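Listed after this line are the structures, all set down as C-alpha cells.
Each of the two complexes below includes chain A, the first together with chain B, the second together with chain C.
Up next is the complex of A and B:
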C-alpha cells in the first residue's frame, strides 16, 4: 500500500464510479435522517473501506461526506428537522416553503445550489489553493474567538424573526454555557458536572441538536397536528420545469449565490471551522444584502440558496488546507485525512507538489460527486415528495425512533438519549416562549471554540486582553460583528423616527 | 389461512433453533458475538490509526467482526470507564494510549494501568520540539539558552499530556524555566500553533509534525527518539540524548499506543486476544505503516506490555507530581516510585 498509483484515470474505472454513486447515495440518506450525521457515517465507513483499494476508499469517504452535508437539507425543508448541523439555517426558510406547497421545488433548488456551491468551491480550490491556505493560517487564537462570537451572534440576530433580538442572544449564550459542561481541555478541571461522571465528556452536540429540533418538532406535531399539514401543491410542476426554475434562480439571486460560495469556501478552509458555521454566516450576509429581507424566515428562496450553497462550498474548501498543508478543515476531513494515511498517502506541504496526480484525483472526485449528487438529488425529489404524502401519524413516530436511535449510536450511551429527551422538552418550552433554537445549537457548537480560543489567546498573549483588539484581522472581525449587531437596532430606530415623522 | 399458520410455525421453529444454536455456541468458544473496539480519541489520531490498522487482521484471526467505535472525551477517561463498565468477557476492547498513566493522577478517572490487562503495546510516538522556521531559536542549544532566562510559551496537546511531560522532563533535567503551557487540544494542533506563530515553540508527537517538518513549515529542534533522523533535504534532527547525554536514559520518551481489556477477563479468552493482537501488529505492513508514519514500533506483548505500562505510569505520575502539575501524591493511588 502507498505505492498504489492513484490519479485521474482511477476515476474512470467502472467499479470506482459505482462506489462513487453508492457513496453519494448513502451520504444523502444518512444526511437526511435526523441524528445520523456525515461525521458518524464517515467514521464508521473508514474501517469498512480499509479493504478497498486506496482510490475506491477515498472516493467512498468523500462521496459520503459531500452527500451527507447536502442530504441534511432534505429533512430540514420537509420536516423542519435539520438532518445535519450544517443545514439548520436551511430549515428556517425551507420549511415555510413546504407549508406553502413548494417543498418539491425547494428541494430541487437546494440540490442545484448545493452542487453549484460544491463546484464553485472546487474552482477556487483549483485556482487559489496555496494563497487561501496561507491566508487561513493568519487566523490565530484571537481571531478564532471573534469568529466564534460572530457565528453565535449572527445566528442570534437573524433567527429571531419578529420577536425581539435579545431572545436569540439569550439562546445563543445558553448554548455556549452548555458547551462548557465537562472536563475543560485546558486545565483538565471538571465544570458543571454536578457529580455525574457521565457528564465528564460534556454534552454531545448531536443528541442536543436532535432533541432541540427533531424531538421538539415531534412534540409540536402531537400538540398541534394541523401545524404540519402540508398544503396541496398549488400547481403540479413537472421535474424539468422545477429544474429550469432552479437555474433561473441563479439569474435572479446571483449575488447571494456568489457571496455564499465565497464565504463557504473560505470558512471551510479555516482549520477546525467547517460547513456548520459557513451556512450561518452566508445566510446572515445574504439577508443583510437582500432586497427583500422581510421574506426571510417566511420562505425565501434566497435564504435556502445562501445556506446550502455555502455549506457545500465549504466541503470543497476543507480540502484546501488538507491538500496543501495536511491540516483538516473540520471533523469529517480529519477522518478522511486518517483514511488517506491508512492507505499510505500523507498530505503535507511537500505532498501537494510531489503528488500532483493525487491532487487531480481529489479534484476529479469532488467534481464527479457534485454532479452525481445533483442527478441523484433531483431524481430523489419526486420520491421524497411521495413520502411526504404519508400522514404525520406515521412520519412523526418514525422521527421519534430516529431521534432515539441516532442519539444512542453516537457513543452507545443511554445518557445521550436522556440528553436528547431533555433538550426536546427544552425545545418545546423555547418554542412556546418564541426563543429560536438555532442560536442555541450554534452556541453549543461554537461555545467551546470561543471559550478555548479566548483562554489560549490569553495564555499565549501573556495574560493581556489587548491582543484581542490589537491584531488587524481581529479588528476586521470586530467591525463585521459590530455592524451585524448594530444594523438592526439602527434600522429600527430609523423606522420609528420615520413613522413618527409621518404621523405628524 | 392454513398457509399463514404454517409460515408462523416455520418462523417459530427457526427462531427457537437459532436460540439453541446461540446457546450451544456460547458454551463452545470465544468469541461468540462481534467484538467492539473502543478508541478513546477522535478518528484520525495516532491511537485511532494504530487501532484500525490492527483491526482487520485481528478480525481474521478471531473469526468475528470487530467494530471500531470512537468515544473521545475526558482525556480518554470516558472510553476507559465505558469499557470497564461492560461485561468482562473479552468482547469489548480498548485502544489504550499513554493517557492511562495520567488520568488518575490528574483526577479525571479512578482507573490506572493496574486495572487493565494489556494485549500489547504496538508503538511509541516520541515527542519532538518544533519552532517556526523564522524563529530566532535555531537549535536545541538556543532553546536551552533562552529558557534559562525567559518564560516562553509552548503549545502542547492537553494539560499534563505526554508532550507536556516531555517539556517538563527537559526543563527539570536541564534546570530551565518551565514555559507557559498552551493546551491546544491535540498534538497536531499544537504543531499548527507553532506554525501560526501563536506560541514560541510546540511539543508534539514526531509523527504528528513530520510532514510539516519535511515541508519546511516547521523546524524540528530535537526529538525524544533513540537515533537521529535525517530528513530528505539532508537536515539531521538530533535526539535529545545525543545533545544532552543526561537525557539519554529517558529515551524514547513521549506517548505510546496499545490495546487492553479490563482485568478479570478469563485467562483463555485473554490468551486468544493476545495472540490475535500479537500476530496483527507483527504483520509486515503494520510495521511498515509505523515506519512510514514515524511511529516507533515496539511490539510489546501481554505481560511485557503490562510491566511497561506500570513503569510508564510510575515515571509519568511522579514526574507530574514533582513538577507541580497535580497536587495528588501518586502514592495515595498506590503508584510506587521507581528509582
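Up next is the complex of A and C:
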C-alpha cells in the first residue's frame, strides 16, 4: 500500500480536478499530433509526475492515456494520418467524411462515441472486476507463471502487424531477459551485470520505456517528416446541431455501438492486447454485420463509431487485469502500472480486497476523464485542427529534451539517461526490422513475475516441470494461450488457401 | 535490408549463446531449476532458436527473391525513392549524433540548461530551416520553461 491514502474523495480536490482537465487536454493534443502517441506521452510523464502526490500523479497518467487514445482520431479524420495506432481504422472512413465536408460532424461523433465507449467499458469493469479478483485468489505460482507468459506471448502474436509472429516473440523474450538483470530476488546473486555496479538494481522500467517509445518515436518523426496539410472544415455546422447529430447516431447504429463496446472491453481485458487491436476487430465485425457494407471506406459513420467506441472501451478494459491480477493489458497500462508501483501501490488479487477505496478512485477517475474528454473534444474541435499544423522539426527536439529530463528524474542517475538513449537506438533498430515494441514493454514488466513464479513453482512442485501442467486452472490458461497463438497461424493458412483457390 | 537482417540475427545468435553460457555458470543452492540462472537460461535458449529461425527465414526469403527477373526488380525501386531514403538516413544520422553529443559531452561540460539551449537551437534550425530567430526564441523559451517548471513547480533536480 502506498504511503498516501488515495480514495474517491481525492478526486474532489480542485487541484486534482485541474490536473485531470490538464492531463486530458494534453493527452488529446499529444494523441492528435501524428508521431506522438499516448504510449510516448505516458512514458515521458511518468517520471515528471514523480514530484506530485500519488492521487494527482495517477489521475494525470490515466487522463493522458484516455485523452491520447481519443485524440488520435482527430488527425485520422482531418489528415488521414492516425495520431495513434488505435485510430488507424478510424482513418479509413473518417478522412472520406472530411473530404465530403463533414469533418466537423465526424469529429463530434467520434468524441461522443469515444466517451460512451469509455463509460461502457467502465460499467463492465465495475461488474467484472470483483468477480475476477475473487477468482484470482485461487491462483498459485503456476497460474501466475502462465498469466505472465500469456501477457507477453499474446501481445507478441497479435501486435506484430505485417511482421512475422516470431519477431514479436523475440521482442517479448528479450524484455523478459532484461527484467532478469540485477540482483536475483531469491538468492541475492547478481545476474547479467558484467561488472557494472550500476546495473545491480536492474534496468529501470521507466527510462527503458521512455527510450523505446519516446526517443525512438522522436527520432523516427525527425527522420521522416511528412508535410501534413489540415483539410478545411468546409461545412460550417453549429455545435449544438453536431452534438444532436452525434446522439442521433446512437439511435441509428445501436448494434454497432454496443457490439464495439463489448469487443473493446473484452479485448482490452485480455493481458497484452489493448486498444489497437480492439478497434480493428470491432471495425471488421461491424462491417461484416452491416446493412450497408459497401459504404465502408467511403465515409461510413458506422465504421468510425465501431472503431472509436471499441478503442476507448478498451482503455477501461485494460484496468480489469491490471487491478485484479497486477497484469497490464497493453504497453501503456504497463507503464501506468510502473507509475502506480513508483507511488507504492502494487495492484493484484489481495490488493484489490485490501484497498477497495483505491479501486473506486480509479473507477471515479475513468468516469470523470471520459466526461471531461467529451466536453473538451466537442468544444475544442477547431483548436485541435490548428494544433495539428505545428511543425515536427520544433516539437520533436523538445520531446528529446523531455525524454532526457524524464529519465533522469526517476532516480537522479546519469546512468538512466544512458539507458534511455540505448533503448531509443534499440527502438529505432526494432522499427527498421519491423519488431514491435509492445511485447518488449510487457516482457520487462512481467519478466520478474514469470521468473519468480517459475522458480517458486518448481520448488513447490518438487522440481517437477509437470506441476505446471497438472492443475485445472493452469490447463485453462494454457488452452487460452495455445488458442491465441494458433489463431493467427490458422487464419494465415486459410487466407493463403483462399487466395490459391481464387487464382485457379 | 537483407544485409541488416542478417547482421542483427547473427549478432542475436552470438549474444544469446553467450547469455546462455553465462546463465549456466550461475551458482544454484539445491537444483539448477530454482537457481538464479534457470529462467535466463531458458529464455536465452529459446531466443537462440528463434534467432536461428530468423536467420534461416531471411536467407530463404532472399533466395526466393533472387529468382525474380532483373527487370522487375529494377522497376520496383526508382531513383526518387532512393534519394528520399538517402535524405532520411542523413537526417537520422544527424539527430542521433547531436543527441549523443548533447547527453554525453555537452551536459557534463556546460551544464544542463546551456546544453539544452544549444541542442534545441541547432536541431530546430537544422530541421525546420526557418532562419535563426524562430529557433533561438523557441529554444530559449523552452529551456527557461523546463528550468522553471522543474525547479519551482515540481521541485525536481536537473540532470548533470
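Here is the rule we use: the second predicted complex is superposed on the first by the 273 of 504 C-alpha atoms of A that agree within 3 Å, B and C clash if a C-alpha of one lies under 4 Å from a C-alpha of the other, contacts with A are read in each partner's own complex, and residues count from 1 in each chain.
Criterion: a contact is a pair of C-beta atoms (placed from the backbone, for glycine too) under 8 Å apart; a residue touches a chain by one contact, two chains touch by 3 or more.
Values in this document were obtained by computation on a predicted structure and should not be read as measured data.
S.K.: Regarding the shared-chain residue A:197, is it in contact with chain B (first), chain C (second), both, or neither?
M.R.: The first partner, chain B, only.
S.K.: For A:176, using the defined touch cut-off, is the partner it touches chain B, chain C, both, or neither? Pick first, second, both or neither.
M.R.: second
S.K.: For A:140, using the defined touch cut-off, is the partner it touches chain B, chain C, both, or neither? Pick first, second, both or neither.
M.R.: A:140 sits against chain B, while chain C stays out of touch.
S.K.: Considering only touches as defined above, state whether A:470 meets chain B (first), chain C (second), both or neither.
M.R.: Touch partners of A:470: none, neither chain B nor chain C.
S.K.: Please indicate which partner A:15 is in contact with in the superposed arrangement: first for chain B, second for chain C, both, or neither.
M.R.: A:15: touches no partner chain.
S.K.: Let me test your reading of the model: by the given contact rule, A:342 touches which partner, first (chain B), second (chain C), both or neither?
M.R.: A:342 contacts chain B only, not chain C.
S.K.: Regarding the shared-chain residue A:451, is it in contact with chain B (first), chain C (second), both, or neither?
M.R.: second
S.K.: Once chain A of both complexes is superposed, is A:412 in touch with chain B (first), chain C (second), both, or neither?
M.R.: both
S.K.: Between chain B and chain C, whom does A:334 touch in the aligned arrangement: first, second, both, or neither?
M.R.: first
S.K.: Output the chain A positions appearing in both contact lists, the one against chain B and the one against chain C.
M.R.: Common interface on chain A, chain B vs chain C: 50-51, 186-187, 412, 459.
S.K.: Considering the complex alone, what residue numbers of chain C touch chain A?
M.R.: Going through chain C, the ones touching chain A are 4-5, 8, 12, 19, 22-23, 26-27, 29-31, 33-40, 42-44, 46-47, 50-51, 53-54, 57, 88-89, 91-92, 95-96, 99-100, 102-104, 107-108, 116, 119-120, 123-124, 127-129, 138, 142, 146, 150, 154-160.
S.K.: For a test of understanding, state which residues of chain A touch chain B in their complex under the given definition.
M.R.: 1-2, 43, 46-47, 50-51, 137-141, 182-183, 185-188, 190, 197, 200-202, 271-272, 325-328, 331, 334-335, 337-338, 341-342, 344, 346-351, 411-413, 452, 456, 459-460, 462
S.K.: Contact residues on chain A for chain C in the complex?
M.R.: Residues of chain A touching chain C: 48, 50-52, 164, 166-167, 169-170, 173-174, 176-177, 180, 184, 186-187, 189, 191-192, 215, 218-219, 222-225, 391-394, 396-398, 400-402, 404-405, 408-409, 412, 414, 417-418, 421, 424-425, 428-429, 432-433, 450-451, 454-455, 458-459, 463.
S.K.: Residue numbers of chain B touching chain A in their complex, please.
M.R.: It comes out as residues 42-45, 48-49, 52-53, 55-56, 67-75, 77-78, 81-82, 106-108, 153, 155, 158-160, 180-185, 188-189, 192-193, 195-199, 210-212, 214-217, 285, 289, 292-293.
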